[in-house]
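Chain nomenclature is as follows: A, B, C, D and E, assigned in order of appearance, with residue numbering initiated at 1 for each chain independently.
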Amino acid sequence: MVGLVRAATVIALKDLSLELRTKTAFASGLVFAVLVLAILFFSRDPTAVASRDIAPGALWVTFTFASILGLNRAFVLEHEQRAMDAILLAPIPRSAIFWGKFAGNLVFVGTIEAVSIPLFVVFYDVAVWPYLPSLLLVIALATVAFVAVGTLFSAIAVRTQYAEMMLPLLLLPFLVPPLVGGVQLTARVLDGRPLSDLGGWLRLIGGFDLAFVTLAALLFPVVLED
Amino acid sequence: MVGLVRAATVIALKDLSLELRTKTAFASGLVFAVLVLAILFFSRDPTAVASRDIAPGALWVTFTFASILGLNRAFVLEHEQRAMDAILLAPIPRSAIFWGKFAGNLVFVGTIEAVSIPLFVVFYDVAVWPYLPSLLLVIALATVAFVAVGTLFSAIAVRTQYAEMMLPLLLLPFLVPPLVGGVQLTARVLDGRPLSDLGGWLRLIGGFDLAFVTLAALLFPVVLED
Amino acid sequence: MTPIDRAFRLARWGGVVTGAALLGVAGVYVRALVYTPVERFQGPAQKIFYIHVPSAWGALLGFAVTGVLSILYLWVKDRRIDIAAAASAEVGVALSVVLLTTGPIWGKPIWGTWWTWDARLTSTLFLFLLFVGYLVMRGVVVDPGLRSRFSAVIGVMGLVLIPFIHLTVYMFRTLHPAPIVLKPSKPSLPGEMLVTLLTSVAVFTVVYLGFLTQRYALGLIRDLREREAAGDA
Amino acid sequence: MPVPVVATRGLARRYGYRPVLRDVSLELYAGQALLLVGPNGAGKTTLIRVLAGLLRPSAGTVERHAPAGLVGHDAMLYPVLTAAENLRFFARLYGGDCLSRVEPLLERIGLADRAHDRVATFSRGMTQRLGIARALLHAPTLLLLDEPLSGLDDKNRQLVLALLTALRDDGAALLVVSHQLEGFAGVASHMARLADTKLGPVVALDGRDPSAVFRELGA
Amino acid sequence: MPVPVVATRGLARRYGYRPVLRDVSLELYAGQALLLVGPNGAGKTTLIRVLAGLLRPSAGTVERHAPAGLVGHDAMLYPVLTAAENLRFFARLYGGDCLSRVEPLLERIGLADRAHDRVATFSRGMTQRLGIARALLHAPTLLLLDEPLSGLDDKNRQLVLALLTALRDDGAALLVVSHQLEGFAGVASHMARLADTKLGPVVALDGRDPSAVFRELGA
């Protein structure tokens, strides 16, 4: 158990130190957010659609795509010179690799999200500040779900020699519940509805998290075997 | 000149045969389109926003992301065992490599677009059929622009060891003109405005194509040198 | 009789069953068009009902079977289970294509729209996409052992995903008709139509089984060929 | 009698359906250094990866009583990290006092002055040495080396051979795959040949020169 | 007097600010086979890549009168394509009658039976051989080989050495980098040493054994 936590931390920290050095998550979070916002902004006829109504969608589309790119990165790195083999040789529980990557990816995606949110406030002048806590809770819940599945699938994708295309192909269907939930909750939260009204959606995403984090952790070793 | 065309064809065909074998472009075009559509649908309050109003945005967001993934793929392949070096040794003009990759990517992105458009008709039931020719023209124009820039930048990105993140980072700013143009034009075309009304936008994108295809072709050899 | 001969015989049987089933489908349609009353509100459009609903049934059956076989594979690790799972997925995808085309064709006249993001539609759609990805992945991974394990993992994940998607979209208003046959109270469908529906469901089940046997046999043959090529006992 | 550090019984491995190893039974004891030779495509790398636990055998059993140190065809390093960062990462992964061994090891393989350059900028021989250092981080009692001398110049070949001899004398068990036999006279205690999926007899060298024994192994 | 196939004058190359080659002047004529030796990190690979035109020199000039055939540390192949697909692709790229040489070459390097397996599934020695075949596709008059024997077993080492000798006799110019000198007696006509960024004198072997000359080159 101690071994697991220690190993997972070591792995996560390695990925994060790389991220800190390159700042790619930060930068791309920024660029993605701006671009999606721009496209959706210019695509709509301002008289017909209030920006408020598409803000949540834009927010989540950004999160999704920025994250998918990040997720791939995590295993491409391990694959390049087969460094993953050296990790597998170490006397650590294999699930530690999952938890390490999972944690690393969470921080990575978290950064992207942290960067984009302020941009939305600016672009769509939606007043988030009052609802920030609930909003963050919602985002966190949805993020955990798809990062867990993404971590599992990127380990598969990287070994198909077409990682860039294969990951989204496998992952996207699994994004429906967390994203729809996230979007709905975001919209409602921004309408100033208290979390208590949103029990249904929260339970749904919570359940999804529980189910798939467990499942991913259990299935991960199967994917690593050779 | 003959040499250039021949070499470019050989390179493009190699990439396309790989695509045909794996169908990843086709499949991921499908999945991407559907997911973006789903997210944007569920993200909006149906009473507030008519699907027509966000269809163009959705369309172009899909194109963008699906393409970015495809563009990366093209050079990751070359980089894996340094196969690109062997290509550089061949007695062919280096611009042939650009045109080959460019052509390959165009077909790839074209497939994705061809797959997504029908889906939009079904999901948003926007009546495109009457406007199809103009719509295709618009899409073609915008696509050429960002595939050209994308081909150039993916050659850079692949050598930064962070290709997945670096390409979008470099590319996205250049997508603003073609995408905003594309989105605007799509919206107007779907409103049944004749192309003659849209001269301004068309000229903008046309000019962008001209400028950046030329520039990319010229700068490409610089990127290859070591 | 060598395994490969046996596989070929199985394939032939599959062919026979499929053929018979397809004849059955034709029969059902004769009955549907000629002997079954035209639905009062929907008119002839409703006739598509007799292919739409059974194909839905067949598709879901196919995916469910794949999911279950995936779990089984992780347990037993027998390559034949993997081949069967893949076969079932293929049939499922094929039938969902039927479903996803008949649906909108029906929807346009009835609902006035090709598509609506209702629970059942959306879950079918994404289920379909998931298994498209499943098949693409199988096409890309060459090592059979690896391919089987990856497939199984995706299959299991998919099985768990479906209820979630359904629930998700269910929290939206729904256009799609509620179950009209499988419900506690007695079926709310005119007897004539009900009989036609049930026969066509039965027929499609046979269609599924026929295709399944065929694809399974073919997979088995390909597999045996691979082993021969590799000169493995 | 002592227990082998690693032992296989009736080991077989297929890729897809191509059999690569058939019925391989092998025992390796502490202080032994087995020099494994065989033609290209014989299955040497496959055997090593199975012994290391990176490949599951298709049949038969593998018993390993210690985490192996592995030098493979790839360096198993992160090109984007520096030499020191690479070793430190794996040292942390192994835990214990491994971290304290990073500096000395870099010193030993003559990369101390390049410790803070990214591995991506290393020459082939430098990468190879760093890969060897990585394998020695946790002072393994079982060392699996797949062509450890490839890409090394004269000086470094001697250095690595000396390193291996020292490890063997300290009681580690070594399995070395190599196509070039020169220099292994002092290192290898036993020798065997793997050819068309079968492992030949393991013969003790007793000071004879590997190249001499090579012929007698019927190459 | 004949013109050299490749010639450099005052060649220098830096990576960033680290000088790797200083003032290298070298001439290679048809029918010559220069065996280039030197410690790890001396700059041999860098020199070869500059000669091939893959790296721009930081100073000095390179004159090459023919497209080079290059065998490098990486195989320069597509792992996702089969052996035959790889060779056919590059043959088409070179044009001419190269396509007709694919089959014979696969035969020659003993990979005909594996022609339709993906390179990703090849053993190291198989990949190395395929890389060599790739370099020979267009019957180059200038061959640059960076450790061509690495990963090859005895039989294939002989095979490749014979191949090189034949090419030299047909009037190709060879530059071979190698850390193992055995077997090059018949192949190499000249020998030189590259050490700490400087290229030493190019000495003619005149049938002497490279290992003997190696010492006299002051290694």
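Rule of thumb we're sticking to: a residue touches a chain if its C-beta (ideal position, glycine included) is under 8 Å from a C-beta of that chain, and two chains touch if they have at least 3 such contacts.
The structure presented is a predicted model; accordingly, all values stated were derived computationally and were not measured.
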{"item": "Number of hops, chain B to chain C, where each hop joins two touching chains", "value": "1"}
{"item": "Copy pair chain A, chain B: interface residue numbering same or different (half cut)", "value": "same"}
{"item": "Most distant chain from chain A, judged by the mean position of its C-alpha atoms", "value": "E"}
{"item": "Chain at maximum distance from chain D, centres defined as averaged CA atoms", "value": "C"}
{"item": "Chain pair with the higher count of C-beta pairs in contact (A-D, C-D)", "value": "A-D"}
{"item": "Rounded Å distance between chain A and chain E, as computed from the means of their C-alpha atoms", "value": "47"}
{"item": "Distance between chain centroids, defined by C-alpha means - chain C, chain E (Å)", "value": "57"}
{"item": "Separation of chain A from chain B, taking each centre as the mean of its C-alpha atoms, in whole Å", "value": "25"}
{"item": "Overlap residues in chain C, where contacts from two or more other chains coincide", "value": "122, 126, 129, 132-133, 136, 140, 142"}
{"item": "Interface hub residues of chain D, defined as touching at least two other chains", "value": "15, 79-80"}
{"item": "Residues of chain A whose C-beta touches two or more other chains", "value": "161-162, 166, 169, 172-173, 176, 180, 184, 225-226"}
{"item": "In the complex, chain B residues that touch chain C", "value": "21-24, 27, 30-31, 34, 38, 41-42, 121-123, 125"}
{"item": "Interface residues, chain B side, partner chain E - complex", "value": "3, 6-7, 10-11, 14, 18, 77, 80-83, 85-92, 225-226"}
{"item": "Residues of chain D defined as touching chain B within the complex", "value": "79-80, 120"}
{"item": "Chain D-touching residues of chain E, taken from the complex the two chains share", "value": "15, 38-41, 45, 73, 121-126, 129, 147, 150-157, 179-180, 182, 219"}
{"item": "Chain A - residues contacting chain E, complex", "value": "161"}
